[in-house]
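Below is the structure I would like to discuss, written out as structure tokens.
Labels run A, B and C following the written order; every chain starts at residue 1.
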Amino acid sequence: MRRSHVVLVVALVVAFAMLLVAGCGETTTTTTVAAETTTTEVAGPSGDPIVIGAIVSATGPASPLGEPERAALVMLEAEINKVGILGRPVKIIIEDDQSNPTEAVTAVNKLIQQDKVVAILGSSISASTLAIKPITEAAGMPLMALAASNKITDPPVDWTWRAPPRDFLAVGAALGYIQNTMKLTKIAVLHDENAYGASGSADIAARAADFGLEIVATESYKNEDTDITAQLTKIKGASPDVVVVWGTNPGPAIAAKNMKQLGMTQPYVGSHGIANKSFIDLAGDAGEGVIFPAGRLLVPASFTDPAQKAIVDQFVAAFTAATGNPPPTFAGHAFGGLTLVLEAINRAGSTEAADIQKALNETKGVITPDGVYNYSPTDHDGLTPDDLTVVMIEGGTWVLAPQ
Amino acid sequence: MTFDQFLQYVFSGVTTGSIYALTALGFTLIYNATDVINFAQGEFVMLGGLTAVSLHDAGAPLVLAALGAVAIVAVVGVVFQLLAIRPLHSAGILAQIIVTVGASLALRTAAMIIWGRESLPLPPFTGDTPIKVSEATILPQTLWVLGLTLVIVVALQVFYRRTLTGKAVRACSVNAGAARLMGISYSKVVLLSFGMSAAISAAGGVMITPVSFMGYSYGAILGLKGFAAAILGGLGNPAGAVFGGLTLGILETLTIGALPMSGASGYKDAVAFLILLIVLFVKPQGLFGGRSVEKV
Amino acid sequence: MPILAFLRRHVWYIAFSIVILSAPLFTGNIYYLSILAFMATRLMIVLGLNLLMGQAGQISLGHAAFAGIGAYGSAIMTTRWSMDPWLAMLLSAVLAAAVAGLIGVPTLKLKGHYLAMATLGFGEIVYILLVQLKWLTNGTDGIGGIPSLTIGSIDFGNAQMFHWLVWGVALLMLRISLNLVDSRVGRSLRGLHRAEIAAMSLGVNTSFRKVQVLMVSAVFASIAGSFYVHYVHYVSPVSYTIIFSVILVTTVVIGGLGNVWGAVWGSALMILLPEYLKRYNQDYTQLVFGVMLILTMIFLPGGLVSFRTLVAKVRERFRGSRAGPVTGPEPRGGS
């Protein structure tokens, strides 16, 4: 008994010490290699790297969101280091929160304390973002959120900004389309029970009346539900004009197939959560005609501003080359978040938190795949409803929805 | 709720319920042979579906892809037993249960690395034109799920009651020590049980993938529901497992239909588990009666 | 010298306390302190579950839910009803104990793993309620703005102060567990675990004792949940799924079932190992972790505390049979 304790005490101390050492090392991301190789280029950046932290949900239930974000950041780090920012290389330390707020808290503490980052992107999901927000606020650390919940920036706080369009905008685009273009009034809501679906559904419930819409049924499903016909049967019984489905894959694809099975002919209006190729692959024929709000990234031809089109084309090409797939919306969020932060650092000419804060609040006309950003001390979202478009699935690809 | 709606809820319930039933059956086989609750059971379902998707994508006809997936997962089950469970034979049930927890983490993560994070589709066995029954509809795939579940259950009963090996398995679940004295190789029976259990759950995974797709993370929730179904029917009773699975599936969908308010679907699992609790309190041996319950 | 005898008796407990409580003197790094804080809250839950599993021989698959009751009880009472955090913690613990009693009374009368089955259903129901009762729990968005703990003018929002507070409580629970295992109650509990009929014939009310242990372990879990939310200032249902319950049971067995110190080693391994593995590859972390759990059980079926057995076995093999006889892990709490 006694001797085993000695051994175990030593083991514990060693384990913790290994953590300390590993934490100080450069082993966190493999991408630091990219920074080192590019510094050897003639006109390349030099000096200490500017260290940016990122927390994404690369594993766990939200990994379809977090994984492309991570891929985009890894790809972008290499691209950026061909020129550098302020003449210095950029190092992005990516942490995985496993779609779990507790892990996000540990990760944010590590990024602030251990890695001495100058700004943090993340997290992919609202729960993790809301969990780390008090910590970054207390530390005076700029946080660029990559999640959609209204509560992240409403009301705006000193140190938190957001890259993706928040629920408010996406819901507005979807409901506005139903009211103005489809000219329908009775809607049924089917949403995922995860944070994404619940938050969107709450926003729809709060604002349907503003769009002259009546909600005749609200039902939900769990992400791993194998069949949604029961929920849809109930919705069918309420005779809506249109079914609004708010969730991330695979639920919305199952819903599309089940609606077809039940012979429901109502139009299907989705959310920006299905703005990726996976939905089209899964839903197949049943996905044809599905309408949803999304950033213009999905239909690059829809970019009218030549500057934005050039940026998006470049991003699509680089991401496709790096991963073999066109970038889903979430990759665009990561690109946008990183662009906004680095642009602010570049303009501020400094990596001091207060300077980054001031520069972010003065951001004007910064272009990303998600739109054109104008931040102010009272607006930490930056986008306007015009930045979202409504797209339709036709022939297995995305086209602008008929106006 | 109109009759047609009721019918639709039942159809929906048996589709899901069949998968719970096959997962529960998988639990039962291993539990009966070893007293181990296999927390990796749901991962066998997931592996079955995803392996079939890969084989089909690689060009195998659907039938071969399905059978191949079942065979491969059965091998995974056997190898898992040999490598991880057998060395713990003398260490007690709990150590073996924890090994299954470790295996479920490892298998799930391996699947994430192999197949990626997005769910994958598999075409239905025979088209997806819905069949109308009154005003309710049912997919041909659902009929396949139901039919094959029935075939598996009957085949299992025949195996247990008519074959010598099956009788040996049953003998072991009643009294392993006595069975050994009778010359039955306990370790072979356990190995067989793991293989069969993995195969049955994998078959469930293959059959449900055309209906609901399959992703690396599906195993956890299917395993949980399968375990609940096994308890509901009476842990250790194969017929009870099937009955428990179908009951659980129908309970979930009928909750959606029966609760009048909007948003009832959020409570479907809660109602199902509440009934599970009531059954445990009122009739601890489960609806069909498990292996004996003793009061102290 | 009674003091010397006392010190000798509790040398490991005292040594562990000194090491862990002095950590903030060496590092003010909030990252390390947060890992240790999460280890402390994990330890509290595992200590209770270890008592239940080791002493009463019963498995609970609902301890995530008991922790959730503490976490959400504290979050709701302090943010919505502006209640004093300590009072909220107390009331949540009482609620957790009451619920544990309600589940324990009907199921612990039965022989077999009925508690495991009932707590499985209970845990899932609690999780669904946390998600669905939006007016109370704010659903999946979770509850933010949970205040720090304070005593008078001492603010435990500070990471170092919180470290001493949370480890102080965890060490107290460790002490209670050690004493309980050595006490008459502990002996009667182990008696009922091993030979139920014999214990009964000696006048031990077995099912009543088991319900008591279940309630104590629920209180431990609830208090851990309360401390967690006052540290993170945010709570969401994601943290209280059945998967967390399974991880908790795993922690107990990995550490060493029925050995109070096993709870310490189990918690340390389960918190530190993934954090360490993550440094090398995020995607493979859970895969390697799962395999290491399997290997730990194969080589140390008695958990980490049976390490000595393994060492002795290896030594025996090298030295021949001259070493003394070695048996399995000691069933007692030690120190």
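We adopt the following convention: a residue touches a chain if its C-beta (ideal position, glycine included) is under 8 Å from a C-beta of that chain, and two chains touch if they have at least 3 such contacts.
Only a predicted model underlies this, so the values are computations on that prediction, with no experimental measurement involved.
K.L.:
Which chain maximises the distance between its CA centroid and that of subunit C?
P.N.:
Relative to subunit C, the chain whose C-alpha centre sits farthest away is A.
K.L.:
Out of A-B and B-C, which chain pair has the most contact pairs?
P.N.:
Greater number of contacting C-beta pairs: B-C.
K.L.:
Which whole number of Å gives the spacing of the CA centres of subunit A and subunit B?
P.N.:
Between these chains, centre-to-centre, one finds 35 Å.
K.L.:
Nearest whole angstrom, what separates the Cα centre of subunit B from the Cα centre of subunit C?
P.N.:
Subunit B and subunit C have C-alpha centres separated by 31 Å.
K.L.:
Could you list which residues of subunit B touch at least two other chains?
P.N.:
Within subunit B, residues 109, 112, 220, 266, 269 contact more than one other chain.
K.L.:
Can you list the subunit C residues in contact with two or more other chains?
P.N.:
Where subunit C meets two or more other chains at a single residue, that happens at 131, 283, 285-286.
K.L.:
For subunit A, jot down the residues that touch at least 2 other chains.
P.N.:
If we look for residues of subunit A contacting two or more partner chains, we find 59, 193.
K.L.:
Could you please specify the touching residues of subunit B with respect to subunit A in the complex?
P.N.:
It is residues 2, 5, 8-9, 11-13, 15-16, 19, 109, 112, 116-121, 128, 130, 137, 139, 208, 211-213, 215, 217-218, 220-222, 252-253, 256-257, 262-266, 268-269 of subunit B that touch subunit A.
K.L.:
Which residues of subunit C touch subunit B in their complex?
P.N.:
53, 59, 106-107, 109-112, 114, 116-118, 120-122, 124-125, 128-129, 131-132, 196-197, 200, 206-207, 242-243, 246-247, 249-250, 253-254, 257, 283-287, 289-294, 297-298, 301-302
K.L.:
Tell me, which parts of subunit B touch subunit C in their complex?
P.N.:
37, 39, 84, 87-88, 91-92, 94-99, 101-110, 112-113, 220, 224, 227-228, 231, 235, 266-267, 269-270, 273-274, 276-277, 280-281, 284, 293-296
K.L.:
Quick one: in the complex, what on subunit A touches subunit B?
P.N.:
Within the complex, subunit A contacts subunit B at residues 59-61, 63-64, 67, 193, 215, 217-227, 229-231, 233-234, 237, 249-250, 253-254, 257, 260-263, 276, 278, 281-282, 284.
K.L.:
Okay, in this complex, where on subunit C does subunit A touch?
P.N.:
12, 15-16, 19, 29-32, 34-35, 38, 131, 134, 139-142, 144-145, 228, 232-234, 236, 238-239, 261, 265, 268-269, 272-273, 275-276, 278-280, 282-283, 285-286, 304-308, 311, 330, 334
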